[in-house]
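Below you'll find the structures, each written out as structure tokens.
Across the two complexes that follow, chain A remains constant while its partner is chain B and subsequently chain C.
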Partner chain A sequence: MLGIIASIIDGVLVGLVYGLAAMGLTLIWGVMNVINLTHGAMIVAGMFAVFLLVQALGITPYAALPPVLIGGFVVGILLYWIAVHRMIGRPPLMSLLSTFAVNLVLIGVGTAIWGTALFNIDVSMPGLSIGRYTFPGVHIVAAALAAVMACLLYLFLHYTRLGKAMRAVANNREAAELVGVPTTRVLALSVGIGVALAGVSGTLIATLFPFTLLSGDAYQLKSFLVTVLGGLGNPVGALMGGMALGLLEGLVTPFVPVSWTLVIEFALFVVVLIAFPAGVFAARRGAL
Partner chain B sequence: MKLLSAIIAAASIVATPAFAAEPDTITIGFTASRTGPLNVDSTGQERGYEFWRDEVNAKGGIKVGDKQYQVKFVSYDDQSVGGRVQQLYTRLINQDRAQFLFSPYSSGLVAPAAIISEQYGKVMIDSGGAEEKPFQLGNKHLFMVITSASHYLSGAVDALKSKNPHAKVALIYSDDPFSKTVLAAAREQAKAAGLDVVLDESYAPSTTDFGPIVNKVISSNAEALLGGGHYSDGATLARQLHDQKADLKWISILVAPADDKFADLGAAALGVTVPSQWELQVSYKPDFGPTTQEFAKAFQAKFKAPPDYHSASGYTSGVVLERAIEKAGSLDPAKVTAALDATDFTTFFGHIKFATDPGHHGLQSAHQMVLAQWQKQSGKLGRQVVWPSAAKSADLIYPIAAASQ
Partner chain C sequence: MPRLVRRPFFWIIALVIAAFVVAPSIGDNVELRESLILAALYITLASNINLMLGYAGYINFGSIVFFGLGGYICVWLVNAHAWPLSLSLLAAGICVSILALIFGLGILRLRGAFFALATIGVNEGVQAAVQNFTPWGGSSGMYLSPEIFQPLGGAGPALWVLYFLMVAVMGLSLYLSYAIKTSKFGLGLLAIGQNEDVAAILGVPTPLYKALVYSASAFLPAVAGGIYFLKSAFIQPSDAFDLTLSTEAIVIAMLGGQGTVTGVALGAYLYEELRGYLLTSETFANFQLVVAGVLLLLIVLFFPAGLMGWIYARFPRTQKVLE
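Moving on, here comes the complex of A and B:
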């Protein structure tokens, strides 16, 4: 019994981090209806950024969060001008293809530089033990940081002028423009924030598990799953979706062979798409 | 116009020889996983191939009758994807005119490649896939220089039994063909040895989070874990067993701990054992060629990294093929195959001999594995040979907790 509880708690801890990653994806969708297929690559960029910073400066991985956040934001703005800006208002397939193309370029360049070997960041942090089960310290810290980041995003979206502008654009771009919201700037900003969140979640994931340059695919897939659970375009839902996914993983694993977990997850994905097309935790449309 | 056709005619005469095969080279084709999850292990193997090629070419090439042939490689990146392999080996044979083939890395890639090599009647030396299945299908031109999968964990089972005759064992392994074959044999060996298998589960090779699995291991009250798969998953599993304080007395993981990169895991690596085709400490007396020390020194000088067993087995592929061609005195696949069938010698990698009965043709029948353990020696992490005791370079540490004292 204790094993099941431990499994669930650990699942939720890791799920929070997946939720943070998915927030980056869903924010961009919510504001401009663009699915950012560089999401996985940006998560990996966050992983490598923290790896290189830790190696070069000998800092703790958590000290790398602010630079990754700022760097991710800048990269996101660049991404907006390179791959997204001209696709706004065009069929959704266009931005899907343009971000996919950028993704391939990034992965290709990364593979040429670093190869696809496994990298590991050794973080020693005391864990919390319940009986014979241990929650590694890195899991707890990563989950807490993910929750804090999610709260900050929520506060930003609801209590700052810029955040309100973003929500206004998400709600109705023309109307927002009519009342004087600089929509282009707001769009660029949301891609910036979305990518920064992907980068930060990559940084946190890198402290949990070893990673390779190609790990992004797996986490991008998880982000989609979480996003569908939480409702596309709904950041708070994404966090809930992440926790729900972790809960499910923790709950299912003790009872079935582990290779079945993915099958169950994606079966659920299909069920949710059919039964709750707007997501289980869907808020009102445009309630970003 | 006349002038133009004259020029074209002249050019085609000059150009023709360039299309014919270069006369004094032997072309060997293979694919390597330069990207993708098998990258680390495959790189070791490819370096072994390259080291052999450069060594052979430096001494003048392979002697066939009274002619010397330089060795030329043609290779592609298979991206660690089984689906790419057949297309690339067909290309190697048809377009690049490879006369002989080396294997890709890992059983999952060797099996599809072997279908192509056999279809075209090309000799393929396999140093990367230990699964027995392709050798039970009546293939005539496929030869495995390494010990096959079902023997991988037998040393670990024996060693564990010697320390704890009734140990509770969890089998946690990747569901790829190689790992499944290894564990199928290990399951029987463990039961026959009187060990108690309390958990038996496979996971997807792409698994990144082993948290739920580790909790399951803890719940099963297992004292020992046998399993793993290839580098990425094996290293991640080892790290999470440590992070979640699974407190196992014994961990044997396939492949991953045999790479020096495993030391990156720090304390998580301590005490972990790995079945190994070859280690720097083994001291077989070679019938010819370099000793282990000479090989390791030259390899280090060339690649600025010590050789792992994949490098040693890759190199051995080259040596085995070279000897067979020289003995056959011909590049004819049938004659080289006959010479390979008669192979029986010892190099620094160990004793090499192939099974010749139709049910197991080409399977390695002489080479033996060792069990290596990550230990701290004068403050530095490194692998030591601990089993069989006749070959040991250090004492086996049991339980694992004792390794950090």
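Moving on, here comes the complex of A and C:
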């Protein structure tokens, strides 16, 4: 019984990181109704960025967070101007296709360079022992960092002028434009932040689990699941959704072979989409 | 049906099929046959994806599930239950279609982007499930013994039979696209594609139509999957649910012109040529997906109507003949 509780707590710690990843996805959806299908590739980009930085400079993975954050932001702005800007106001099909195309290019180039071998980052971090159970130190640090990042995003969205502008655009773009919000810049900014969050969460995940270039698909699916749990377009909901997913993973891990986890998660994904299209934790739609 | 036969487009499709049948038969050209079977597969997958993408405006990122599941059901029936080939192909198509209908009635309540998300999950979920399903060989897959081709007169003639079957499936796909486009059902789908709310208000039963077209777009790819994996006599999850193929089908449908029947066939032919060229060139062999991605991005950004859009604009009279 105690083992299950420990497993659940550990799952929730990891779930906070999933929540951070999903915040990137949900932010972009909330502001401009675009599903960013490069999300998985961006998570993987964060993983490889930290891997290369650690290898080249010998720094700890956590020191790589600021450069990944900045790099992700720049990549996100580029992504907006290349693939998203012309799709605003067109059918959702088009932005899905354009971000999907960018995803193909990124994954294709990555596979050509690095192949699909398994990579791993070793972090030596003392774990926290309670009784017979030890929680890995990397899980605790990653969860704490994810929580801090999520709080910062919340404060940014609610207490800065720019953040309020983003929420205004999410609420009603035309009205925001009328009262003088530079909407195009805000849109570009939110893709930048969204991608930066994906990258940072990739960095954190890389410290937890081994990864390949194609890991992005699984984490993208997890992000989608977290997002629909929390309600599309709702960052706070995303964090709660992340914890719920982590809780679920912690709960099923002792009983079910790991290879079935994805099937269970997917089944849950479809059930939630059908039963709660607005999200389980959503107070109201578009609660950005 | 008689109404369709009187139109010239019906006979254009017939000519294309005839060309596919006759060209490799002259002089027993095996190399051409292998290239054309791939083209026929592309046309089949792309026309069926086009039923969703071009007509109803719904994107199905996981259409490869139909292909892979069809292949699995067919190989399993032949392997474990010694069913005759034709019957197991048919069974594969029907099973996958029914599954798609049941599943479609569920997920097609979702609109637009939500549906696209669900289809991405379908592929991951089904692949993971098949990988864990021991009667189907789990992650190591299933082999077919060459003996199954005895009734067809050995492996050599069997490859020809499978080729003709694939061409038949391609022809049926084109006729299905054409028949749906000119029917009341197709009109309803096109209305959903333009504005789903308005379509619903005007009396189009949108969830039912979407589920029906989802199911219809599953049948022929499932049969094609059966043929494909009978031909290779081996099936494993990573081949059966290879997203590359469904991605290429999307690129083809967009390249030729979404919502058109001719465009998809043209796009498949062009893409097949391009791909053949890229695979033989040293530099690009590893960059096949990159090229597909760049191509898709350029089309979406600058030519959303595709090749047929350009042809229609340039030669307006073709609109009367080519669907």
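Definition applied: the second predicted complex is superposed on the first by the 278 of 288 C-alpha atoms of A that agree within 3 Å, B and C clash if a C-alpha of one lies under 4 Å from a C-alpha of the other, contacts with A are read in each partner's own complex, and residues count from 1 in each chain.
Keep in mind that, in the parts below, a residue touches a chain if its C-beta (ideal position, glycine included) is under 8 Å from a C-beta of that chain, and two chains touch if they have at least 3 such contacts.
Everything numeric in this text was worked out from a predicted model, so none of it was measured.
J.: May I ask you to decide whether A:7 touches chain B, chain C, both, or neither, giving the answer as first, second, both or neither?
T.: Only chain B is touched by A:7; chain C is not.
J.: So in the superposed three-chain picture, is A:218 touching just chain B, just chain C, both, or none of them (first/second/both/neither)?
T.: After superposition on chain A, A:218 lies in contact with both partners, chain B and chain C.
J.: Can A:129 be said to touch chain B (first), chain C (second), both, or neither?
T.: In the superposed model, A:129 contacts chain B only, not chain C.
J.: Where does A:259 make contact in the superposed view: on chain B (first), on chain C (second), on both, or on neither?
T.: Both partners.
J.: Under the stated touch criterion, which partner chain does A:151 make contact with: chain B (first), chain C (second), both, or neither?
T.: It touches nothing on chain B or chain C.
J.: Touching A:104 in the superposition: chain B (first), chain C (second), both, neither?
T.: In the superposition, A:104 touches chain C alone.
J.: By the touch definition at the top of the document, which applies to A:117: first (chain B), second (chain C), both, or neither?
T.: A:117 contacts chain B only, not chain C.
J.: Based on the superposed arrangement, let me know which partner A:274 touches: chain B (first), chain C (second), both, or neither?
T.: So A:274 only meets chain C here.
J.: Which chain A residues lie in the overlap of the chain B contact set and the chain C contact set?
T.: 111, 218, 257, 259, 262.
J.: Provide the residue numbers of chain C that touch chain A in the complex, in ascending order.
T.: Those residues of chain C that touch chain A are 53, 57-59, 61, 106-107, 109-110, 112-114, 116-118, 120-122, 124-125, 128-129, 131-132, 247, 250, 254, 286-297, 300-301, 304.
J.: What residues of chain A sit close enough to touch chain B in their complex?
T.: For chain A paired with chain B, touching residues are 3, 6-7, 10-11, 14, 111, 115-120, 122, 124, 127, 129, 132-136, 138-139, 208-212, 214-215, 218, 249-250, 253-254, 257-259, 261-262.
J.: Which positions of chain A touch chain C when the two form their complex?
T.: 29, 33, 35, 82-83, 86-87, 90-94, 96-98, 100-105, 107-109, 111-112, 217-218, 220-221, 224-225, 228, 232, 257, 259-260, 262-263, 266-267, 269-270, 273-274, 277
J.: Can you list the chain B residues touching chain A in their complex?
T.: 34-37, 39-40, 43, 80, 175, 201-204, 206-209, 211-213, 215-216, 218-219, 231-232, 235-236, 239-240, 243-245, 247, 261, 264-267
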